[in-house]
Structures are given as structure tokens and as C-alpha cells.
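Following are the structures in question.
Look at the two complexes coming up: subunit A is in both, with subunit B in one and subunit C in the other.
Moving on, here comes the complex of A and B:
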């Protein structure tokens, strides 16, 4: 017995126990259960339990104003998806919109005002109340008012669209010397370019794809972005067989994979292709006779006329410039001109001359002013029609170093501010930038004050339809949460600052609450007696005339309904101007075409690879998106990939590079490091780089950007060479 | 056999016994059902009911409802038969119009969205695929709740190491994704974790 209690036996007992322990389910099960237990600690937020309800609202993250069906549990939104839409049939939310309700919980969310000060150790931030921040800013504005030589006051509206922008413009008109600044490029630019080529005063245009048979897309993100996407997705879903999509893209994008035809083009030569297609259509007389009769400058044969310019782009030459076989160019032109209704589209941020060329194609095939293509629409009834407004100034037209105080309205998720450009407009000394945003500024966004505003779905917001839809529409983005006490809207901050500074010349709009503004907009629509109201609850549409009062109309919109205007009988008599309505626009277009005609985009033997900039990290870099979108990022190509240079396998072989190799990318303007990734979707002789890598190698900043679609345009082509990095 | 070997075996066997026999009974807290119920009687030939006669879809069509007293009262407004459970049903619940506080065996964790209507009506999956022979059971077993994780044993698996021999042995994520793979359904994260 004494031997059984020996130290050796105790050790053996322990050894046997340890082996038995490991061979039992106990440790493994405990590990599993404890890991679950740690997910359920009391301080970890839990999903509420309670009744499941649905609430209809609309998304304000981009100007598309998609209809949203929010699934609510205990009055808290837990998931969002698209809802029936009177304008597009059905809204399909993009990846950012699907997680729009997460934005209220974003880690960068701020609840208090902050003042930022540059110190030797970097930027220090000091928290202060909104009232104090407004008082400080009002003092600066007062000084500007008293001593105008100190510089100007301006508001930068990141998304100039709809009622709030109207209010801001009207309001600023009562502030002495105030500027209203808009971005150089923003959504709707493609549609607005048409106004320069038609003579229909007072009308605007929208896209009606309901009967379109051929859609010719010059690099537009049809399925992975916003803007035109909702219109295309619905037609693609409902009329797949008869909706023929030709996607012209320099790389194999998501849109080009889904399209019926993908025409791979050398980057930067899209305008040459458009004019080459026009050349074929005119040469073979495939154009629409009625449109040809309307186009006043189609047959002019003078130097720098339309005929003169298109003559410079015969298919053979276009083939050599674009890298597209000649027969493909001719076949595409014939298909586009014969399989009508046909519409050609370009990105809002594409070069102006490309947009112009694409509209020429539309005019030639009779798309402009035709149902099933490009239709006329009436503008949204305005509550402040005729009110005096401060005219918008594009950022690039603001004199450098002229601004003393700048307020930035960053309420839109698609906010794309070029901070270096913005900084250049500020005075060198004592300049103050005030950011009105729900989120903390990102690295590189040097602001002096941050004032919190509401995150999406936290307050009522007017939500007019986007530029592309065929009829004007209006809806209210109703809050998904009860109103939060922290934050307000930028225009309310503007009102408070101006009121406190004595800079205001008229007390108009000074006391209006968001709901009152919405009621004024609803009154204007109601009094027009036009259009219909669509209830998503029962998917029913009723005429506006059947609603008894403006109050009832407002209440209906607050329940999630949407108003849409009646269609307009499209006039087909208006004249069309292929070169542009004004002499200056015609001259600008001719000069751009001739410049391309003379110079082309030829590579330098020292820098043989053309850079294709992509915006994978645009959403993460400029806007605010839900941080738990990683899975969706991967599935939609939005994941930041800024460290990599993507090359076709052939290109990599040609330059003796291998995947995962560290390389240095040289351009005439600088160099940057990257890791090689081989990807057969990239066009040979190009290198695909993310927008953040362009800073070091581009002579100018990239022209941004279809916010979440990943498209980036540069003012001029960037050529580079790639060398292996020395280890 | 020498004493050293005996000590080793004693430790080994002792710990195996603890791990395989005593640990599960310690880990799971047993919660008896408030009333005994025979699924076999109700779904047998004599009565011939099917699962969805009592387990209808809830208002949000996500779950199959636990039957309310009103379902039972349709037949059991008075005592039928001589069983003790039947007598208790009528005396304690039907007579006082008091809902029976049934304990749910298969409640999914909060981070999972599982829709019964999609699986039962659209994918046409039989109830037995996940719930086994529960519909033919004579008695209701105790609900067993894991004292650490708080999950039901019907979700974690009856076999303590978490092995699965039959489709209904477990209802863990792997089991869902295996079935989705078999049927060609999407295995995207957002399909279930909405």
C-alpha cells in the first residue's frame, strides 16, 4: 500500500488523469462553450427581442433616393432592403445602402463638437459644446463682416441637390459676401450636359429604359455602383432577353462580365471610339431621319464642324487607337443604330468630351426625346420659386487663398472632398474650416472645428429623386430611430452661426425646423395637382388629386409613400446641336477632339505601361461605410487593395515580374512601391493601381469618382515603368 | 500489473468517466416540461394529425409556433382518456384558461436568422430532417440548457463531443452549411447572419 502512495504513483495517476482529460470531451467542449460565453457578456450589446415590424423610408446616402424597406425589431432597424419604387419599378440597394442603418453606430461617430489645434506633436482635439463652437465660429464670421479684407465666408455643399441645397443658397443670399461652393464634379453631370445640346427651355431630361433594346455603356458601373444602376438592374431583371447591354470597359469589370458584349478598350480612348461609331452611323446613313432633321449642324461641312471632326475617326484609325478590331467597331455601330430604342451612357465623372460624344451618338439614333430612351421631365415643384439665391461656384473657380471661413456640409455618404484643393482656397493665415459631419475627420482632413450632425436615418430629410429617373419624384426619408438630441442639420448650424454673427441681412428661414421645410415642399407639390402617390405597404398608386389636403399628403409621405410626377408628352420638334448650343461649348469640344487627334495617347518607351486607376478604396477613403461590410466588400470588389499593382500575366512575363514580388512603379513625376498581383481581367500593357497610389506618380490629382463604383478619371494619362524592388 | 501502471490506469479511466459521463450531466441544466405530451398519440393513426396542425407559422413566418392553449382546447375542453397528464391539462390549464409554459428545445441564437417558411414551404424540407423522430416521441424529454453558453442541447448536439451521425443530431452552423451545399443553396454569411 505504501508503494501505491509513492510520489512516482501520484505522478502516474496525474499523467493518466491528464491523458484521460484530453481524451474526454471536457476540455474541447469547455473551450467551445467559453468562447460562446464570452460573446454573451452583459456589456456586449444584444439584439432586442420584440415585435417584428416593417417601416418604409428612403435612402439618403446618394442622390438616387432608393426606396427602403426596413425590418424593425422593437423599433430598432436590423436590416434594410429595397422596396417597390414608382420610378424604377423596384429599388435594389447597393452594398453600402444595405448597411446604411449601421452608420449611426460607426466607430468614428461623434456626439460633441470638437476644436482641433495643430501642436508640435500633431493635432490635438478639444471637446466643446455645440453652442460654444457656434459662438466661436460666429465671432470669426462677425470679423469677416466687419473687415471684409480678411477673406470670404463660404459654404461647401458636397452634394448640391434638392431642397436643402436650395435653402442654403437662399439663406446665403442674405449673408453679405457669402459664397456657395459646389464640387467640380458631382452626380447628374452626364444628364446636365444634354442641356447644352438641345433647345427645350425649362425642361430637364431623364432616362427611360423601359423599352430600351440596346444600352451602350462607356465604362459606366451598371451593377456595382449607383447613379444609373437602379434603372439598369430593374430592366435587367424584368426584360433580360430583350435588353442588350454592350459594355465598353478597359478591364473586366463586374458590369462587363454581366453584359451581353464586352468591348475591351485601351484606357483613355473612349471618345475616339464614340466618334468612330458616329463616323460609321453617318457614313452608312444609319441615323434616325427625324433626329437628323432636328440636328441643325449634322450636315455642315466646314472646318471644325461635326462632319469634319467625325471624318478624322474612320474605323481603321479608331481600331489602331483603341485596340478594338475594325470589324467590331463597325458591327457595334450597326447594332446600336438598328436595334432601337437605343441609348448610350457615360459616367458622370468621365471627361467632358467623352460625355459630349456619347450624347452625339444618342442624337444620331434618335434617342433624345423618345420614350424608351431619353425623355423630358418637369422639375420638382419648388416652394421658393423666384427667390433670390447665391449662385453656385465650382471649387476650381474659387480664387486661391481667398477664404477665411469655410463650412463644409458633409452629410452625404458620397462626400468626395479633395482636401489639398480645398486647403489651397483657404487663406494662408487664420483660415478656419468647419466640418459639419456625423463623423470624426479622417487622417489628412485638416479641419479646425467639427460640429456633429445627424447620421442617415436619424432625422427627417427631403429626398427628391436622382437626376436619371424619367420623372421627378419626391419622398421623405423618415427616421428609423426616434430623434436623437445630439446633432442637427448643417443648414441649421449655418443659421445659428449667421444669426449669432450679425452678418444676416434678413431673418428669413432663421427659425424654420426641418419638418416645416418639408411641409413647404409638400405644399408646393400638392398645389401643383400633378402626379401620383405610391404606397409601398400595399403597392398601390393613387392620383395626388384624390388626396384631400396638403396635410394628408405630408402624412402619407411620412408613412413611407412616394410622390412621382406625371410623364410629359415628349416634344420631338426641338432642335438638336451636335457640337453644342453655344459657340463656346462647340469650340471647347472641337478643341478637345483636335487635341486628341493630334497627340493621341502614345506611350513613351521609357514608361511603357498605361495606368488604369481604380477606386476600390474610394468608399473607405472618402465616404463612411459600415465597418462590418467586409464580406460585402469582398463580394463587390470594394475591398481596399492599395498595396498592389495588378498586371495581366503576359505583361508580367514581358517585364520579368512574378506575382507577390515587390516592385517600384516609376512615372516621370515620382515613384511608389507596390506588390505585383497577376490578374487576367486587366488589359495587357496596362497596370491597375488604386487611387491612393496615384498621389505619388500623377502630375495632377485624380478626378473623382463614381463614389462606390470604383471608377476614377485622371486629367491626363499616366505612363509608368515597373522595376523589381531591391531587397 | 504493477502499482504504477494501476495508478496510471486509475487516473485515465477516472478522468474518462468524469469527462464522458459526469461532465455532460453537470454541464447541462435539466428543465422539465410543465406537462407531459405524447406526439406519438397525436400523429399516430388514431388521431392522424400532422406537425403543422399545431405548429403553425408565427406572424413573422420565421418560426413554427409552439401551440397555444386554444389549439389544445379544440379537442381537450374536457378530459379525454385517463392519463395523469390529460387530467392536469384540463384541471390546471384549460379550466383556468392559463397558457402552458412550454420550454422551447431548438431556439436559435440571436445572431442567426432562420426562416421556417423558406425551409418548409419553398425548399420542401421535411420536419424530420432537423427534428428527427420528435414527432413520434411518446414523452417530452427535459430541456437541457448549457450552463456556460446558455444554448440548448438540441442545438449543440446530443452526442457530447459534438459528433453527428444523423442529420438531426445537431443544428450547428456546419450542419446548416452542409445542407445548403447539398442543395446548392447560397452559403453567403448574410444569408443567415442578417
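Moving on, here comes the complex of A and C:
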């Protein structure tokens, strides 16, 4: 027997070994192990460990001041959830609020002051200390103080609301020649318009939908964003069956999809519809008799006749203007007037005459001053009630090229500032813009200095309730991080700049810290002895009177409790003014209605398509939101995209266009490119464009409000034509 | 195909399509809870990772007064013939018989994507990129859920981290391990209108036991016999028909998502 090892034996051994290896568990084990190893690469984040705790605070991202329950791991928030809110009644957070704790780590977050200089190659940025930046700015302010002819100094408050705005106004009143500028439109404009149509001095109003049976919404974002939406969502959640929503919208918005009835309207004709509804209500005597008795100018002819005005809007004519069938207009008016309590609402950015017309509808059906609709409330007790303040100036009223130094308070997350408008207000030479923001300016935001301030949840902030809630409320937004980064608030920077420039005439507030200001606010509320305190830890509500001292009250608020005011016994005797309380407001309303009536909305044969403006990812594009919102804006098709033009199939066919085709959209004012998308929900003879496409084709800049809700308004209708782009 | 009865002690999710407002809070809450990274710059609606995805469905002008609706689409947690389990060569997908939840074990996943091809609901997502968070944001990750790396498939698991935490808490209180525990996934907790309800039919948390038997309840693609554990509710006939693919869409672009 030969024991010689042949080449064949070696090959057999090698082959058998290879086969045996494959049949053994080893390769599969290796695959498993490799899979596990690759889950633990060094660049895969390591998770934080530590005790789990919960902390209550409130959200400052929008004026709604929602209550927040933060889940904390080792003193760091890992998730935010809604907590029961006695004021609004809800206990949820919107998508932006759920990710609010990410904002401290936003990719554009800045920790140092910067100076930006225009060079031949673009904008160059230089880092400097906050002290140096303040010294530079103070020098400019000093020069303005010495030579007033060089221009003015102003502070632009992106979101005028609550205690901080009060402080800024009072502080600026001690700075010679300083202006306090506010946006042209901001939250609460709809509610404030009511003050011009009622005679109750010293009272403000809120919305109470707890008994509302019919809600008539003129294009309001009902389920997204801020303003009215939390109040609507709460009713929708708790009593859906008896809460009838009629949404009047020029496009298929999320609100119109969820509403019980969607009335599709031609853009820009909403006021005609509101007056058409009023025409039916008055003509068929469907109005509330008590309210009609209070409306002093319902049947009066001088100086302006309400009846004459509505007579111009019979349903047949309104149908031809709005594109809504006549029977739908009549049916809607009857439903709104009969299924009461009923409330009509419009957006803060809606044209003034539309807001006025909507309030007329509310007056006619008896919504104003009724529990379950529009209720009176007392304002938040103010610690500085009699203090002298610099009056606010709307941006549009600031003379062009008049500002030498402008400080911008961009602490609000929803900061949709019109930068070209701001630039126009600055002097042509030597003008300086200082942005106080936690984030780097975006493209097109040309500033000279950037001074970092705290991001949301990094510092203690006063958090009064929004304009729309039925009773005033107050919370303190306590920081989620126990050791915040170095930083301050805009008003503190303002104080330091002014102090260093010798421009101040009085040292009031100069030494106060944020906590001391909050204590002053708490003292004012405590001394009013009104309202109740709700503590989320035990879900208990106690009267403010049972709290022993203002210090205890402050400590309770710092633990996440909320104070809400008592309700007001609503007076139903006050007079109502359908045309407006003052002669000037009545005249303004009458003139704008008559102007619309005479001109209407006519297309030009060269530009046959009417633009329907929609907000797309405006919150992400123009504001600062958590990058995780990309799940909605980038990784889903839930929101309209900015580069598309949405057309009805018939419209596309008429203009010989196909889906996904590149087109150029021309208006008398410019052109923009887009990609065609066909959608049967778009009205024929209209094209749905996003706000970022409007800049090139609109004669005036579109207005954005409630950026997460995505509502956009243009000052006048835009007509366009569409052509195929040449490849 | 024979229909199987879902065990009353297994979890079901009930989504009311008539209450969904398309706000996307569930999508954001899900991503935060399960440590899904923000979108890569090149990610699209087809290549992104959205365990919970809300899609808009239009009636094509043939609806009964409601022109469109929003449908939140998580993994449907198929109870029968679970397609992803059948095709996975790595046994990386398993159905927990106690809870009925279909688990994806990313440690075992090779990234072959057979399961994605097999899933009739397009509820599985492939990690085309390594997960990346802006500097510092990784501190806010949920410590109960491990992040996944590039090259593996992932999907909704009814917030398994929350389930485990609820189990641990129940055990501390002396509850038997065989009893179902009460918990709520992040999407259900975040939903502002309470359109998403979750629980076991046996315990009838949030009324799910009654809702799954209501006349307006339906499931997606029932003819496939996968017996999803996600139920939908709608009073509108066209929505129910659309979900069952008994009604054709008028044009391709009507279903966004």
C-alpha cells in the first residue's frame, strides 16, 4: 500500500476543507459577527445613559405657549411631549414643537459674534467677541447721538408680544430718537380688528369654540401652525361630531381636506363671498335679533349705508365673481346663520376688508360677545402699566433710507422678515444692521454684525398666552439644560450697547436680570388676586388666592405650573358697528369694497392663468426648525414642493403641457422656472405656485404668516402665462 | 385565502383616516423616538427613512364629498403569510407570537432588500447612508433604541423600546410576563387629534377592541391575506374601496406619498 501524497490528494484535501468550512457554522457566524461589528462603528453615535426624569416647561417657538413635558436623561432632554394645558385645553405639540429641543444644536447655530464685510468675492465673515461687537455698535450709536443727521437708530422686534417687548419699548423711550419697529402684520391682527367694531373700552377678545357648532373659515390654517389652530384642533379632537367646519379655500389645503365642507373659491374674491353671505342673511332675516338690535348701523344710511353695500353682492353676482355656485352660497349662509353658535374666522394676514367682512358675519349671527364664540377677556396684569414707552412703528411706515443703525431681535423661531424691505429702510451709505439671533443668517440676509443669543429652552423666558385664547394666561419657560452656554437675550444686548454709547437718558432696567423681571411680572399677577394655577405634576388646579406669597407663586411657575385668568362675564349690551366705530374706518371699508366692486379681478389675455399662492416648506426655508423636520419636507410628498407648478389636467392639456415638463412662468413683472405637476384638486385656469417662486413674478413681496401652517397672501392677484422651457 | 383571527392579546393599531389632518407630528415623533437620523441631503421620498409615513390620497373627483384624505402608513405588522419573514435569508425578521409585532433585527440584516421587494405596503426602508446628526444633537438620542448603520433595512416595530420599558415596569409591579402590557407608541402619543389608537383588543385600551369590529373599519389590501394588525377607520366608502384596491385611481399622480 503506497502512502505517497499525490497532487490529487492535496487538491482533494483543499476542496474538502473548503466545502467543510462552508458547511460549518463558521462563515455564518462570521457574517453575523461582521453585521454586529458594523453596527458599532466609531461614527455611530453612542447613546447617553443615566436616570430618566421629567421636567415641565412651556414652548416659546410660537405665541401659543404650549405646555411641554420633557423627558430628560442625565439632565439632557431626549424628547418633548405635550402636557395638559388648562388655558387652551389641549395637551399636544405640533411637529415643530416636538423637535424643539434640537434647536440648540441646529447646524446654523453660532456661539460667537461675527462681523460681515462685503468684498469683491462675496461676503467675508470675521469672528469677534461679543464685547468687541458691542463696543463697535455702541460707537456707531454714539455717532448717531452726536450727529443725528446721520440717520436714526431703531430696534426691529420680529415678534412683538409680552413682557420682553414691553421692556424694549420702555427702555427705548429713554434713548434719544430711537424707534421701535414692528412687522407690518403679526399675530392677533384679526382679533384686534374687532376693537374697531365694538364699543367696550379696555377689554380685549378671545375665541371660545367650546360650544361652537359651525366654524366658517376663510382660508385659515386650522390644523397646522399657530394662532387659531390649537383651539380648533382641541374641539376637533374632543367633539368632532358636533363641530361642523366649512373651509373656504382657493386650493386643496390640509384644512379643506379635513373640513366637513370645502368651498373652492377664486383667489382674491373672499371678501365678495363674505358680503354675499351677509346679503343672504340680511335678506332672509336670518340674523340674530339681539345682535341686530345692538348693530347701530345695520339699517342706518349715514354716513355709509351697510345695506347699500351688501345690496351690491347678491348671490348670483357673487357666484360669477367667486366661481362658487349660487345655490352653494345661499345654502352656506343659511347653514351658518341657523346652526349656531357659529363663528367666522380669517387669517391675521388676510386683507383688512376681508377681516372686516368676516366680523360683520359674526355680528350678524350673534357671535360677538357670546360664550361659546367670541368672548371678552381681561389683559394680563402689567407690572409697568403707566410707564412711558416708545410707540411701535410699522415697518412700512418707516421712511425709506432713514435708518443708520438697526438691531433685529430674531429670537422667535418663526422669523419671516422681508429683507429687501428692511434694506430699503436703511441709509444708502454707512448703514449697519445688527442681527441678534442664535443662528447664522441665511442666504440673502445681509447683515453687518451677528450677535448670538440663547436658543429656545436655553434660558428662562416669560411666556404669556397667545392672542386667541379665551382667557389670559402666563407661564414661565424654564431652561431644559441646567448649565446653559454663555449668552444673553436681545434686550440685554440692547442695554449694553446703549449704556456703552452714552445715549441713554435714564438708567432704568439697566441692572435687572431676566429673573428679576419675571418676578416683577409675577408680582403684578399675584397682586391682581385673580385666576387659578394649574400644576401638571399632579394635574391639580388651585385658586391664586390660596398661594401665600408672590415668591411661592414664582417658584410654582418655575416648576412648570401655569396661571390662567378668570373668565369675564360677557356683556351683551354693548353696541356693534358693522361699518366701523369711527367715520374714518367706515369710510376706508366702504371705499375698499367699492373699489373691488368696480375693478373686480380680470385676467389679461396675454396672462390667462391666475396664480394660487401656497406655502410649501416655508418653515424650513425661511425659519429655523429641527433638521428632523426633513422627514416631512424632504422625505415625503406631504407638502407642496417649491420647484413645481401644479396645474389641473385640463389646464395642462389646453396649454399643451405634460407632467414633469420644465416650463417658464411669465408675469408682467418677471419670469421663473418650474416643473409641471398635474393635480385634479387644482382649479382650472389657475396655477398653484409656492411662495419662493413668487418673488420673481410678483409686483410686491408675498406675505407669509404662520410659517408652519404655510399660509401666503399677495397684495394683488398675479396673472401669468406658461411656456415650455427650451432644453 | 383563509382569514385568521388576530389574537385578542396581541397589539393592534387603529388609525381614523377621517381624523388625520396630515400635520406630520406622528412622523416627527416616530423619528425622534426611534433615533432615525435627519434626511441625508440626497435623500428623497423614495430613499429616505420614514418608519411612519403620511400619504395624501385623492378621490380623483369621484369621492362622496370628501376630495382627499391622509393615510398614515406604518408597517402593517402582518399576522399571516408575513411576506418579509418568508423571504429573509438571514432570519432577520421575526414575528413575536406573544405581541404579534414583526421585529426587524438590524444586527442580522445583510441589506439584500428582499423584504422591501416583498412588502406590499412599501413600509420598509433601506439605510442608503450612515445616520448623521448635527454636532451635539446626538446627545438628544433616545437611549432605549440603538441607531442603525448604513446598509440595513429598518421599519416600524410599534416602538419596541417603549414596549420593553413597559414590560420592565410591569414586572417590577409583579405582573406576569405572559400578560400584555399597556403602552403607547410615539405616533399615537403625538397625534393631536387622537386619530391613532393603540392597544390590545382584550384590554380594549382606547377602545381598540370595539373599533376593529366597527362597520367603518378596514385594512389595506385584504385580498393578499396578510391580515395586517393596523386597522383604518373611515365613513367614506371611496376610501375603504381605495384601500382595498377595488377602485382604480383616475390618474397615476393622485396618490402622493
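Rule of thumb we're sticking to: the second predicted complex is superposed on the first by the 665 of 727 C-alpha atoms of A that agree within 3 Å, B and C clash if a C-alpha of one lies under 4 Å from a C-alpha of the other, contacts with A are read in each partner's own complex, and residues count from 1 in each chain.
One rule holds in what follows: contacts are C-beta pairs under 8 Å (C-beta built on N, C-alpha and C of every residue); 3 or more make two chains touch, one makes a residue touch a chain.
Only a predicted model underlies this, so the values are computations on that prediction, with no experimental measurement involved.
Of the two partner chains placed by superposition, A:139 touches none, neither subunit B nor subunit C. Contacts of A:442 after superposition on the shared chain: neither subunit B nor subunit C is touched. Contacts of A:30 after superposition: subunit B is touched, whereas subunit C is not reached. Of the two partner chains placed around the shared chain by superposition, neither subunit B nor subunit C is touched by A:396. Contact with both subunit B and subunit C is seen for A:47 once the two complexes are overlaid on the shared chain. After overlaying the two complexes on the shared chain, residue contacts for A:8 are found with subunit B alone; subunit C is out of touch. Contact with subunit B, but none with subunit C, is seen for A:16 once the two complexes are overlaid on the shared chain. Once the two complexes are laid over each other on the shared chain, residue contacts for A:299 go to neither subunit B nor subunit C. Here subunit B and subunit C are compared by how many residues of subunit A each touches, and C touches more.
Applying the stated contact rule after C-alpha superposition, one finds that A:653 touches neither subunit B nor subunit C. 32, 36, 46-47, 49, 78-79, 631-632, 635 are the residues of subunit A that lie in the contact sets of both subunit B and subunit C, per the superposition on chain A.
Partner subunit C is touched in their complex by these residues of subunit A: 31-32, 35-36, 38-39, 41, 43-50, 73, 76-79, 81-82, 90, 92-95, 98-99, 101-102, 104-107, 222-224, 233, 236-237, 240, 252, 254-258, 261-262, 626-632, 634-638, 649, 659, 677-681. Every residue of subunit C that touches subunit A in the complex is listed here, in rising order: 19-25, 27-29, 31-33, 35-36, 38-39, 43-45, 48-50, 53-56, 58, 60-61, 65-70, 90, 106-110, 130-131, 133-143, 146-149, 151-152, 186, 189-194, 250-251, 253-254, 256-257.
Residues 3-4, 6, 8-10, 12-21, 23-26, 28-30, 32-34, 36-37, 40, 46-47, 49, 52, 78-79, 631-632, 635 of subunit A are the ones that touch subunit B when the two sit in their complex. Those residues of subunit B that touch subunit A in the shared complex are 3-16, 18-20, 23-24, 27, 59-60, 62, 110-111, 146, 148-151, 160-162, 188-190, 194.
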